[in-house]
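You will see two complexes here that share chain A, one where it goes with chain B and one where it goes with chain C.
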Partner chain A sequence: MSYFRITLHRSAIGLPARTRGVLAALGLHKRSQTVYHPVEAQFAGMIMKVKELVKVEEVERKLDKWEVKAERRPDSGFYLEKMAPRMEDEGQKVGSRVLARLRGEDESQVVEGVRREGGGEVRV
Partner chain B sequence: MSRTLLRSLLELRAAAPARPSALRPALTTTATTRSLHQTPSQIDPLPQTQSSAALPPSPPKPSPTSIPRCGGAPRTTSPATPETLQLLPLLALQPGNKYLQLYIQGQSYLVTPGDQIRLPFKMPGVVPGDVLRLNRAVAIGSRDFTLKGSPYVDETLFECRAVVEGTEAEPMRLKIKKKQRCRRTKTVRSKHKYTVLRVSEVKILAPGQEGQQ
Partner chain C sequence: MFGAFRATNSLSGGLLWKIPWRLSPTQKYRQRQRLKAVDNVVETLSTALAKKGETLKSLERWKYEMPTEAEMLAKDKYTIFDRKEKKYRKGIHKLPKWTRVSQRLNPPGY
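Right after this comes the complex of A and B.
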């Protein structure tokens, strides 16, 4: 099934309560927030009420919240190549997920191709 | 040909006698037709090698290891073209340090070996002595040549390592919040930490030669 990818492009500050209510019903609370709703008449009607404020795209797959965040996150630009020896009782405990992300082993950073930059191949 | 370019080419010839013969005829003809005493009236543009800049945009192919789009730094890296690989030894063999324009967490930095970078954040999970490999470069350059990626340079063409030196802290900032006609004040204290890196080496990995520093 296909989904509407709805992004709030204009802020709701200064707009009537009814319009803000529609945005709240869609789940849009701040500018540049993205939500996914199935392509149905009720969601299409809500979009029509706030069509001047949002940007809409039809997509096949609905992304989770962490996937939407991963889209916006830039490349870290580095990975941990060699670790210096750690002291036994570190002042700050570091989780294994943080170390995995530093080493570049964190698979959650990579999302299956939903959108790509134009031109050129993509390499990890 | 500009005087600086001619000088660099003569230095290259003196530095590396065993270069691929395909390059030699092109360089010697341009060098012998003019003498050092001439002041040329036109300046040749410095060769700017771009990886796959001429390729037409291909339709997106679904790939399990694709990088999603992001609103900050560019996300794609294009593999190096044969033209790039042929001209890369010219860049690598030039004397002097090479510079890199890197992206770390979406912010760009221009570094040479030995530079200190103060990141605007504290990197979690690293201790002084950790070696980071920086792999997102937008441009690599030497004295006379620049390699520009579209938008990133192929990772297999260079190596850049930075050592974590430690953490710095800003001076303590006090934000005092007080409303008019109310005596109560609220003080917010801030003392942010920043990770400091030292770029230890910048190497160009030209094919068929050892990397030059």
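Right after this comes the complex of A and C.
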């Protein structure tokens, strides 16, 4: 099933109430708003009434907000030929070691600027 | 004659809007883009409905009666008929809401 993807491009300010009524019936209340309606004669007729104000495309399915956003996102301007090794894994290991030490599993108290005293931590 | 209290039309008469006599080349360009945009919408609707084997009276009528942007004469794109004007034509920008209404046909012969 295909849909009309209708975007309100021009405002209907100052236009006849009939025109604004058609836009409201289509569910368009503000500029740049997009709605989807199935490809049927009744919706085509409504679009014909406001054809000067809207942009229309035929699409196969309704796109959700995130897909529309992804469409609008500009090209990043670069690409990676080869993925660099991620630092995350290393960082997590170090982090867990630090945590383990702080929990008291290891008695060496001073770890990368953090000293354990009593129940709390003191940064040095 | 000069200064803040000079007697100009807008100062002595209150509201005065001046609409230039002719469209600028940029206005004409944008007018063409708008005409094309409307043609695109009509085209999209008709192809989408044709795929389903449906049709629409208003759509058929538009396609039968209205010239597309490419078929229109420059005269009809940028001017409209007015019986009060000298030579019966005035700039389309004198038409209220002219950027948001369709005005493509004029009386034959004028």
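We take it that the second predicted complex is superposed on the first by the 63 of 124 C-alpha atoms of A that agree within 3 Å, B and C clash if a C-alpha of one lies under 4 Å from a C-alpha of the other, contacts with A are read in each partner's own complex, and residues count from 1 in each chain.
The working rule: contacts are C-beta pairs under 8 Å (C-beta built on N, C-alpha and C of every residue); 3 or more make two chains touch, one makes a residue touch a chain.
For clarity, every value in this text was computed on a predicted model and none was experimentally measured.
J.: Where does A:Met48 make contact in the superposed view: on chain B (first), on chain C (second), on both, or on neither?
T.: It touches chain C, and chain B stays clear.
J.: According to the stated criteria, A:Val98 is in contact with first (chain B), second (chain C), both, or neither; which is it?
T.: The first partner, chain B, only.
J.: Is A:Lys82 touching the first partner chain B, the second partner chain C, both, or neither of them?
T.: Touch partner of A:Lys82: chain B, not chain C.
J.: In the overlay, work out which of chain B or chain C sits against more residues of chain A.
T.: Touched residues of chain A are more numerous for B.
J.: Okay, in this complex, where on chain A does chain C touch?
T.: Touching chain C from chain A are residues 2, 4, 9-10, 12, 14-15, 39-41, 44-45, 47-48, 51-58.
J.: Hey, which residues of chain A end up touching chain B in the complex?
T.: Of all residues in chain A, those touching chain B are 67, 70-87, 90, 92, 94, 98-99, 102, 110-124.
J.: Which of the residues in chain B end up touching chain A in this complex?
T.: Per the stated touch rule, the residues are 52, 55-58, 60, 62-79, 102-106, 123-136, 150-151, 154-155, 161-162, 164.
J.: Could you please specify the touching residues of chain C with respect to chain A in the complex?
T.: So the residues of chain C touching chain A come out as 34, 37-38, 40-42, 44-45, 47-49, 51-52, 54-56, 58-59, 62, 97, 99-102.
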